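Report on the following structure.
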Amino acid sequence: MSTPSTAPAKGRRFNGLPLIGPSVTVLLIWMIVPLVMTVWFSLQRYNLLDPTVTGFAGIDNYEFLVTDPDFWASLANTLILVGSVLAITVVGGTLLAVLFDQPFPGRDVARLFAIAPFFVMPTVAALIWKNLMMHPIYGVFGAAARALGLPAVDWFADHPLLSVILIVSWEWLPFALLILLTAVQSLDREQLEAARMDGAGAVAQFVYIVLPHLSRAISVVVMIETIFLLTVFAEIYVTTAGGPGNATTNLAFLIYARALLQYDVGGASAGGVVAIVLANIVAFFLVRTIARRLEV
Amino acid sequence: MATLRLRALRKSYGTAEIIKGVDLDIADREFAVFVGPSGCGKSTLLRMIAGLEEITDGDLFIDGARVNEVGPADRGLAMVFQSYALYPHMSVRDNMAFALKLAGASKAERAAKVAEASRILQLDAYLDRKPKDLSGGQRQRVAIGRAIVRHPKIFLFDEPLSNLDAALRGQMRIELARLHRDLAATMIYVTHDQVEAMTMADKIVVLQAGRIEQVGSPLELYHHPANLFVAGFIGSPRMNLLPVRVVSGDPAGVRVGLPGGGEVVVPVDSTRAAPGTGVTLGIRPEALKPGAEGALAGAVRHVERLGGLTLAHVAVTDSAVADGATVVAQIEGSAPVRVGETIRLTIDPGATHLFDGEGRALPHQSRHPLAA
Amino acid sequence: MVKQSLSRRIGIAVLGWGAAFVLFFPLLWMLLTSLKSEPEAVTPSIAFTPTLQAYGDVLARADYLAFALNSVIIAIGGTVLALALAIPAAYVMAFHPTKRTRSTLLWMLSTKMLPSVGVLVPIYLLFRTLGLLDTRIGLILVYTLMNLPIVVWMLFTFFKEVPNDILEAGRMDGARTGAEVWHLLLPLTLPGVASTGLLSLILCWNEAFWSLNLTSSAAAPLTAFIASFSSPQGLFFAKLSAASTVAVAPILVFGWLSQRQLVRGLTFGAVK
């Protein structure tokens, strides 16, 4: 049934626009303006130090980017960093979630300690690890190695990317644990008891009941972590500054270096566009997963 | 003074029409009950009156003023919800005083009105409790008290008793009826329970699929149902409905053939019933009594004994028209009928009805004295 | 439950506490180091005389309090502003949904997916033009916008749990939208609103991309202050540890208090 379009509205409709408008407007500006500017700058010759460099660059910035070995190295570092941290945190987080789902004395307190690293600011996390843990002379790891008669490892000199991966994993493992533990606890206990009645042992219960139940939460963890891990910055900034050489330069650090160390706005913006495209591939799947569950 | 007038009221969600044009007048101090099966639109209609649902089309007047565009806060109505919808973070006192506080009433006025309502509803002992510390019946009273303190133009009730147990429901029915008399207020009450409708209403509005099937007093609906739907919906046990054929029309009414070969004259207007047409005969269960010269015969299939009443389910036999139809006879007292035996049933023609092919009732020749 | 064997239960307890110890160890070590004197701090010994010397040194630095104050003002400012924008929006979407509500929510979520590094250049240049570089208000604005989608989502999921009936009863009692939100919705969802605020505080407090790139001194929060230890003075382990402990401790308490509700906010309601 449709009333003629000329008829005046008969009812009193709740007008939510004044309430939701401000949020939508500021977010729209926050999204559109920088996005358009990034794309625009990426097509310009624009260097903050040299005002004579101006004009339309076309795809020159992109061409320069893809012919720059540093870019490919940073892309590789980004992917290695994201992939490794995801593997460590998802596997570790799942196992820890199942572990912390078991009753044991002081479990709630132990869980508080276990999730603590997630609330530590990245600059603190990075410096604690760099100096107190991994320092070859003064760090705990070096002392432990010497105590065992082994040579101390100079982590950031010899294994720079691995060091960064360890630090970032330490920060994000508690996140995975927190989310997956919540998911494990929502598992219907009767399912497990039914499986036990069917003769399933601990491993079979984990593989056939717990893991499938967790699959959604795991996919959410993977996607959310990916969004954040693609732009890991502070941990690198305070530990290696991208080095040695470009060993720990990821895409985020490359863009930062281009923009605020070399003042190459055009080149940095081209890198920014690449980062946005990468993130949006992940975001597409994340939004789709969440949308499926959304009830309005 | 509070009257309500609905004119061609419609409600649709997208393309689905829930209320399909409702015209209704509710007089001052009237207790009107909206009744119908679930999904008939009765709650939606109530919420449109309340202002909680937007009106798609048509006009709604309270005391003669069109209020379509007036928000629920400004219509001057009060509503008791099925879930009671008490404010869980407020004490009973604050729950009842909330509307007054919003209206800017003074502390003294608030206290006086809450005291009055709690006296009427016997809630004095519970004023400082939170809703979670009350029983279902007490919560119900608080919800009613919240409505009373406002002296609303019209009270709206949305299935308010459906969460109570049977005993409490019976008690609250009486209390609500008493409250209606004491407050002399206009009330609209939604229920799917026909006992609540029959016992409390001045006026029952039977709804089905977004339309009004019939409006009338309880006995009017019982004795003069306008159509098959109302006939089947009002009355428990349900009216027996048998497909029959018209034998002849005569001044006393319409003569129809019964299963088993008997005949009965239904005292309705015979001008619309040509001999040979298929019609539906409606017989209230209490109009059937065991009797040797009864017009209906059949085997007793099942007996329900309620002590004061006996319900006999009888399979009426030997009919070309209605093979194997079952009728229910409601017999006073503990009647000695047994499963398996064959009995004859007499029909009180005054409690029979006839419905045409479209399900419309043929008008009775005389009205029931209490349903004029 | 089947009674588990004793050895199995001991095994689980050892594993659980072991995992907790390993994960917490760097923070424990940080705490211990902060209580050492500088010469002891570079040794792995755990037998030392505790001293608050390092804390005294850090707090004595005049600028430490300035950094801490910036952190507090920026985190509270960003949280209050985000809540002020998000509460009305979440209310409308939870209780007056329209055909567009679903896509609006998902769109808000997608703005959160825009990597900050992708828009570093334009934001930096805009801030320079607008004079917002190294100002608290600039960082407050960025954090508000950065967290707004999460705050809206989290509030939305909490608001959805309030029965519509109660708000409708309020409307029948004469409450307009403002009174409905203030007297009914917010008191009823106070725990949820509080944990949403806590999450926002945590995210603002710990944010280290924009704070490092958009501030230098005047508006720099603790994240930037700690980053300054990456220079050779970071080798003053006790002071680094003391400064870090002070920076981490309050937010860690907030995190522990709201851990359950955080899951909902961090996963946009996908895991509860």
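Each chain carries a letter (A, B and C) given by its place in the written order, and its residues are counted from 1.
The definition used in the following text is that a contact is a pair of C-beta atoms (placed from the backbone, for glycine too) under 8 Å apart; a residue touches a chain by one contact, two chains touch by 3 or more.
For reference, the UniProt names are A = Sugar ABC transporter permease; B = sn-glycerol-3-phosphate ABC transporter ATP-binding protein UgpC.
Since this is a predicted model, take the numbers as computed values, not measurements.
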Closest to the centroid of all CA atoms, by its own CA mean, is chain C
Comparing A-C with B-C, the busier interface by C-beta pairs is A-C
The chain whose C-alpha centroid lies farthest from that of subunit A is chain B
Chain-centre distance (mean CA atoms) for subunit A and subunit B, in whole Å, is 61
So, in whole Å, the Cα centroid of subunit B is separated from that of subunit C by 57
Distance between the CA centroids of subunit A and subunit C (whole Å) is 16
Among all residues of subunit B, those touching at least two other chains are 51, 71
Among all residues of subunit A, those touching at least two other chains are 14
Among all residues of subunit C, those touching at least two other chains are none
Residue set of subunit B touching subunit C in the complex reads 50-52, 71-74, 77-79, 81-83, 85-89, 98-99, 102-103, 146, 150, 156
Listed in rising order, subunit C residues that touch subunit A in their complex are 2, 9, 12-13, 15-17, 19-21, 23-24, 26-27, 29-30, 33, 41-44, 85-86, 88-89, 91-93, 96-98, 101-102, 104-106, 108-126, 144-145, 148-149, 152, 160, 177, 202, 205-206, 208-209, 212-213, 222-224, 226-227, 229-230, 234-235, 237, 240-241, 244, 247-248, 251-252, 254-256, 259-260, 262-263, 266-272
Within their complex, subunit A touches subunit C through residues 14, 16, 18-20, 22-24, 26-27, 30-31, 33-35, 37-38, 41, 96, 99-100, 102, 104-107, 110-133, 137-138, 140, 143-144, 170, 173-175, 178-179, 182-183, 186, 196, 216-217, 220-221, 224, 227, 230-231, 233-234, 237-239, 251-252, 255-256, 259-260, 265, 268-269, 272-273, 275-276, 278-280, 282-283, 286-287, 289-291, 293-296
Listed in rising order, subunit C residues that touch subunit B in their complex are 163, 165-166, 168-176, 179, 183-184, 187-188
